[in-house]
Amino acid sequence: MTSPALPAPATWLPLVERALAEDIGSGDATGAAVLAADASCEAVIEARARIVVCGLPVAVAVLEAVDPQLRIETLRPEGVFAEAGTPLLAIEGRARSVLAAERTALNFLGRLCGVATHTRRHVDAVAGTGVEILDTRKTLPGWRVLDKYAVAVGGGRNHRFGLYDALLIKDNHIAAAGGVAAAVKAARAAAPPHLMLQVEVESEEQAAEAIEAGARWLLLDNRTPAELRRLAGRFREEAVLEASGGITLANLRDIAESGVHRISLGALTHSAPNADVALELRSRRRG
Amino acid sequence: MTSPALPAPATWLPLVERALAEDIGSGDATGAAVLAADASCEAVIEARARIVVCGLPVAVAVLEAVDPQLRIETLRPEGVFAEAGTPLLAIEGRARSVLAAERTALNFLGRLCGVATHTRRHVDAVAGTGVEILDTRKTLPGWRVLDKYAVAVGGGRNHRFGLYDALLIKDNHIAAAGGVAAAVKAARAAAPPHLMLQVEVESEEQAAEAIEAGARWLLLDNRTPAELRRLAGRFREEAVLEASGGITLANLRDIAESGVHRISLGALTHSAPNADVALELRSRRRG
Amino acid sequence: MTSPALPAPATWLPLVERALAEDIGSGDATGAAVLAADASCEAVIEARARIVVCGLPVAVAVLEAVDPQLRIETLRPEGVFAEAGTPLLAIEGRARSVLAAERTALNFLGRLCGVATHTRRHVDAVAGTGVEILDTRKTLPGWRVLDKYAVAVGGGRNHRFGLYDALLIKDNHIAAAGGVAAAVKAARAAAPPHLMLQVEVESEEQAAEAIEAGARWLLLDNRTPAELRRLAGRFREEAVLEASGGITLANLRDIAESGVHRISLGALTHSAPNADVALELRSRRRG
Amino acid sequence: MTSPALPAPATWLPLVERALAEDIGSGDATGAAVLAADASCEAVIEARARIVVCGLPVAVAVLEAVDPQLRIETLRPEGVFAEAGTPLLAIEGRARSVLAAERTALNFLGRLCGVATHTRRHVDAVAGTGVEILDTRKTLPGWRVLDKYAVAVGGGRNHRFGLYDALLIKDNHIAAAGGVAAAVKAARAAAPPHLMLQVEVESEEQAAEAIEAGARWLLLDNRTPAELRRLAGRFREEAVLEASGGITLANLRDIAESGVHRISLGALTHSAPNADVALELRSRRRG
Amino acid sequence: MTSPALPAPATWLPLVERALAEDIGSGDATGAAVLAADASCEAVIEARARIVVCGLPVAVAVLEAVDPQLRIETLRPEGVFAEAGTPLLAIEGRARSVLAAERTALNFLGRLCGVATHTRRHVDAVAGTGVEILDTRKTLPGWRVLDKYAVAVGGGRNHRFGLYDALLIKDNHIAAAGGVAAAVKAARAAAPPHLMLQVEVESEEQAAEAIEAGARWLLLDNRTPAELRRLAGRFREEAVLEASGGITLANLRDIAESGVHRISLGALTHSAPNADVALELRSRRRG
Amino acid sequence: MTSPALPAPATWLPLVERALAEDIGSGDATGAAVLAADASCEAVIEARARIVVCGLPVAVAVLEAVDPQLRIETLRPEGVFAEAGTPLLAIEGRARSVLAAERTALNFLGRLCGVATHTRRHVDAVAGTGVEILDTRKTLPGWRVLDKYAVAVGGGRNHRFGLYDALLIKDNHIAAAGGVAAAVKAARAAAPPHLMLQVEVESEEQAAEAIEAGARWLLLDNRTPAELRRLAGRFREEAVLEASGGITLANLRDIAESGVHRISLGALTHSAPNADVALELRSRRRG
């Protein structure tokens, strides 16, 4: 199996530039005043807790954006666990550059390793059930492709990236169209045929109606494990069933064993705790 | 007292545009297929839990960027508590526009109310001590001005915005300069004189040396309450003392009572839980 | 049925800005020298041949970008036929503004009406067969969303917008994966599950293998009508069949009657003749 | 004679970036799922019909923007004919990169070779007459500098690039100024003196008046060959005469022999058929 | 005669945005802390010395970019003299907005009125001679269109805007081409025919050769008044003669009376003293 | 002491791009027509008068942006004096590239060396007094970081960069707050505590009140040397005193000897004469 591909850099480099601009501004006033222009150093970025490694190419891009002449070595692949104390990146070059880039690089890694690690916890919790853990569109504004990359690195699957790459019929669409079947039919008639269709259903009747109308992917929002078991018992051969809403690590296994195929959680991205990573200076010398 | 001023829109509107681009892309395929072009609706965005209100002007900007003809009313001021069920924004206009903007607006509010609410918890924990709660530069990349705004709305104070608007001498600077006094002197000689200077000290001797060299603001990183009490007992009249590192809601009060003037916490921004807000459609009609 | 939704303006306004910048540059030197600053005029943009109307909101955006105070009335809906001489837009305001925006507005309309009209010719050619006419990714660089909008306005359906919103397994992927079945399986295992999958097959055997592996959408490239008939006879109940390659208005009907469900043509966008539209000044007066 | 210089990359690289963004988006989902991250390949881009080569440096820029580590060799100079089957570019590197860049590179080449080839047809049609073939401002929005480059590569001359780099007095300006002479005088008095002046005239009298007022370059729009002959007989020593409007390959030679100096045609850019170019994978291997 | 047209806003609004970003950054910290959010004020921007008014629309754009709800009245037209104390703009609205925009608006006006006033001094110095005063490309980087607008408002004429809108053959081109005649011929053969041609000549022989080769516009660099008189005596009927180099207000009249038609001076833009303008608060009140 | 650090390139490269775009546009028409594509040359940029060297890294960035393959050697460090005739940069590469970049590179250097040289004159004028020369926010719009860099290279100190990195309470703030003490107190209560505070005072009473309220940095605007002496006599031990307003090289020494600590002058940046630098071609050859 191939590991998740990094999103096209053009999609996230603007965020790197924005992040550097907001942190560095006109320059690192302390470094400019206290460090010699030609002083160089060696440093490592390392894990301070057990984490899933994610985002090292982004951290490298941060460092290179500050100073293309830094020499950077990536020490761990994406997606593996790193124990506390594990070095992730080795850096060598101008001390002013390393210290100017430090906080931004760490802020990216703290978030990306954090999401990947948090996702892995959920993936591990459903191990053996065959259920897939999916993300949602509840990502941090500006971070969609990076957040979804981190979910994939953590072992989750990506749900749609936005409103443009899949159809999701919800209650408001159903009400507007005059029923589940009418909504499904309208979507299939008018939307580009390459877009997959999912329907959110609120009852067994709606589920049956959606499948009858041709839907093959249902979203079951805020259902109890008992409800999910009944729905899965009846429909899991006819459609892909996805549970979401009110799911935590506490009840995740229970839901995974209900018979649904997929579980999607906003918490993977909107509530991932920060991963603890730090930059350590190894030595310092005049250039 | 004046309430915190919203950062200049030019500093965060690009993030709004990026967020909308990543979520909407070429368009909301479901809405375009299922909703009539002239259907309109009324909706409210409301709190689903007790939160500190923050970011409504940003949410308004999201909605207006999608459709300048939406009519939007702001129902609560920034910085107050809203109980679960409290409506925050009332929106009226094209249904396609409201649903296309919904997720992005909520994602901004979830983050901003989340940081403000999390900050308020820390501020309340030190109530009566006179100690100020400060943020750090551990904000989400791309989010610096908004994260810091949310801290201020939550009752916290802002530490420096970046490397350019204050001087912070750390261990690496001290080592490079050959000592605390040398570093302070170098900074004062070379840096623009309008920048305030803070020095991170690791011992009582360094603290004394920094103050002797003219520093009036010290950073005391990863000290125990006992250590902080001793340092505060000796230096709190001569310099502003700021504690940071390893501080949680559990030990915050203890540290606040040590005699330091300020406490800064990365957790305000890097680990704020998402606030629960949602959009509720009130009615729908053909235009 | 709803008419095609205009793509989100944020996706094409940058092209409008670029187009205006390249045509107007520092300013219309002739207008600035010869026309009085306060002279105003009335004008219409009209069809000079029978065309499918497409892109009026884009032309309006061009005019408004040059001068927000122009008064513009849209006279025809998108997607209808306009005979030669039909007025499409009525414009009133500063003469300098109208003449500065004229060429750019017409260049957009010439292209968009051209693609829509060209598409309509193909759609009409398959009338009654139930076959859908689709576009491809052979759009003009920079014009993807607008070209695809014009295809939809002309009555065509949109194929995937890019490499990100559907999977299309081609010969190179099949060779790399070691066969059709392996490629389909790899795609399903690794790609986000919300993406629809299409497989390009070069023989009846490959078609059978793809369907056996679970593919439900086949691309049949450069097949003769006879070959398509045979493939359709065998597979059209099991998968959506799409013909492409070497198709022109001359053989289109023949292919449509072969039993395939869809026909995709690069020519809709890469070889659409320009539509003839012009701006006519109706009157002129000092402001 | 020097060959046409490629426009400054800063003027068209943004179009390359936009084109890649719209095609690749967050990434090539098929390639990421099916191709190994370290698989490499060799490929050529080749002509599939007889074309004038144009735009190879742009295609190279596309490829390098996707992956700076691709090794690319340019096999033919700009402006020469290439027969069907002629290789134009040789590419070696990551298979994922080559396939992700393929469509965008080909779309640029299809357009640029198309315009150059179409222009060459017109230039050849007037061979021996000494008449120059010029483009107009009827280029594709966003494509001005590239379209004009392709015209030059095809052997045409460039007319003004926009409203800013030459003066063209048309009927509306003449009406506004109160006559040809007044318009010419106003233009010369107010416009920057480094801008060349052309006057569109609708009659022999206007032509005489324009020349009398000092104009040395006339635009003769929608004139028959007979009319052009009479005008050229009288004025061709006193002014540069440019014919335009209603000119096709069918009547081009006739018009070229009328005695005018220049012929400008919107069709060079607004109706150039796409050139047939394709990418062929030569081999493939694991890295 | 028409007054100079303001350059297309799209060409200078990015400079306004950049200027505001660099001055305001995340916000006016003093205003946010000391002024009430709802306090409003009235203010005028006025001349503090005798100046030529220039750039008020730019200052208005600055103010509106900070706060679209400010009410602004333009009190003087562009290009007139304003004595010290003359109000130029009246402003009413939020006090925080007015004070945040003040410095940037004044910095633009100081420059633009400065260039216009400085130009007017030179224009007045050649009054009655019929000689035109022209600018050069020695404008402030980033300011080309605004600097040239200010020159035009001051009564000067604009020379070419850049390397793209006219041909200027200098010594290096002549040496590369192998002589004046060869260079002129090469330029006419290869460059777009709508571009005017100027030749810099260093001797009477070169001037004669250039005119013989068809040049009708000569640049005479660093010549004494005596040399200019001789050149003008011989060539002023055959070509437009432009003097430049080493010209100051002290010798300008002398050179203007030499018989040349035009004089171009870098000093109009690279050494214009700042004009003294200031913002005066008239009153202040709570909103 | 360390020399001033160049501002982060991300802050000024956009200005370089804008400057090149406005000068080169679609291309250097003369160079493209007259110079062979493969002709190369050697050139130097040199001082034409005695100047303080400043901005060579910016000029290098200009040259590299036009042609990354130019070989450029920096011959003098920033901040030293260069006599007329001193070579500053040596350049080798494509002649077309060198001539296309020439004017923009020189325009940057003319400004930056100009500001540095002008600043040095003021710094030298106060030599031995211990007084610091500071700039203001009266920089050229778009040039803030570069102008301030040039001041630092010239030996001046930088005052605040904008409204965001220090607090300056002026008369309007004092009036709004209801007095000096109230304004100081409001600022300290509401503004981020890392921002230094300066107060502009108009009388001895205000100065005393400000210091009493805790201010340690006073701005004394438009005071005579006599007034400054009296204020300095009374307050110079209690606060940093900065004089500004109406200060020229003529009275600068007098003011510096009044006892104030700092003098700030808008003239450093708003009225710096251009420095005379030029590009000289040394040789030329076919590639």
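In order of appearance the chains are A, B, C, D, E and F, and numbering begins at 1 in each one.
Definition applied: a residue touches a chain if its C-beta (ideal position, glycine included) is under 8 Å from a C-beta of that chain, and two chains touch if they have at least 3 such contacts.
As the structure is a prediction and not an experimental result, all values here were calculated from the model.
Colleague: Could you name all chains that are in contact with chain C and with chain D at the same time?
Modeller: Under the touch definition, chain C and chain D have A, E as mutual neighbours.
Colleague: Could you tell me the least number of steps, going only between chains that touch, from chain B to chain D?
Modeller: Contact-graph shortest path, chain B to chain D, evaluates to 2.
Colleague: If you average the Cα atoms per chain, which one ends up farthest from chain A?
Modeller: E
Colleague: Quick check: more C-beta contact pairs at C-E or at D-E?
Modeller: Spelling it out, more C-beta pairs touch across D-E than across the other pair.
Colleague: With chain centres defined as mean CA positions, report which chain is farthest from chain C.
Modeller: Result for the farthest chain: F.
Colleague: Kindly point out which of A-D, A-C or C-D repeats the B-F interface, defined as over half of the contact pairs being the same residue numbers.
Modeller: Overlap exceeds half of the contact pairs only for A-C.
Colleague: Measuring from the mean C-alpha position of chain B to the mean C-alpha position of chain E, what distance in angstrom results?
Modeller: 44
Colleague: Hunt down the residues of chain A that sit against at least two other chains at once, touch-wise.
Modeller: 2, 24-27, 31-36, 100, 145, 161, 164-166, 186, 189-190, 192, 195
Colleague: Which chains touch, pair by pair?
Modeller: Inter-chain contacts occur between A-B, A-C, A-D, A-F, B-C, B-E, B-F, C-D, C-E, D-E, D-F, E-F.
Colleague: Which of the residues in chain E end up touching chain F in this complex?
Modeller: Listed in rising order, the residues are 14-16, 18-19, 22-36, 39, 41, 95, 99-100, 103-104, 106-108, 110-111, 137-145, 161-170, 172-173, 175-177, 183, 186-187, 189-192, 195, 266-267, 270-271, 273-274, 281, 284.
Colleague: Give the list of chain D residues in touch with chain A in this complex.
Modeller: Residues 17, 20-21, 24-27, 31-37, 65, 96, 100.
Colleague: For a test of understanding, state which residues of chain E touch chain D in their complex under the given definition.
Modeller: Going by the criterion above, the answer is residues 1-2, 132, 134, 157-161, 164-166, 186, 189-190, 192-196, 198, 240, 262.
Colleague: So in the complex, the part of chain E that touches chain C is made up of which residues?
Modeller: Within the complex, chain E contacts chain C at residues 2-8, 10-11, 144-145, 148, 161.
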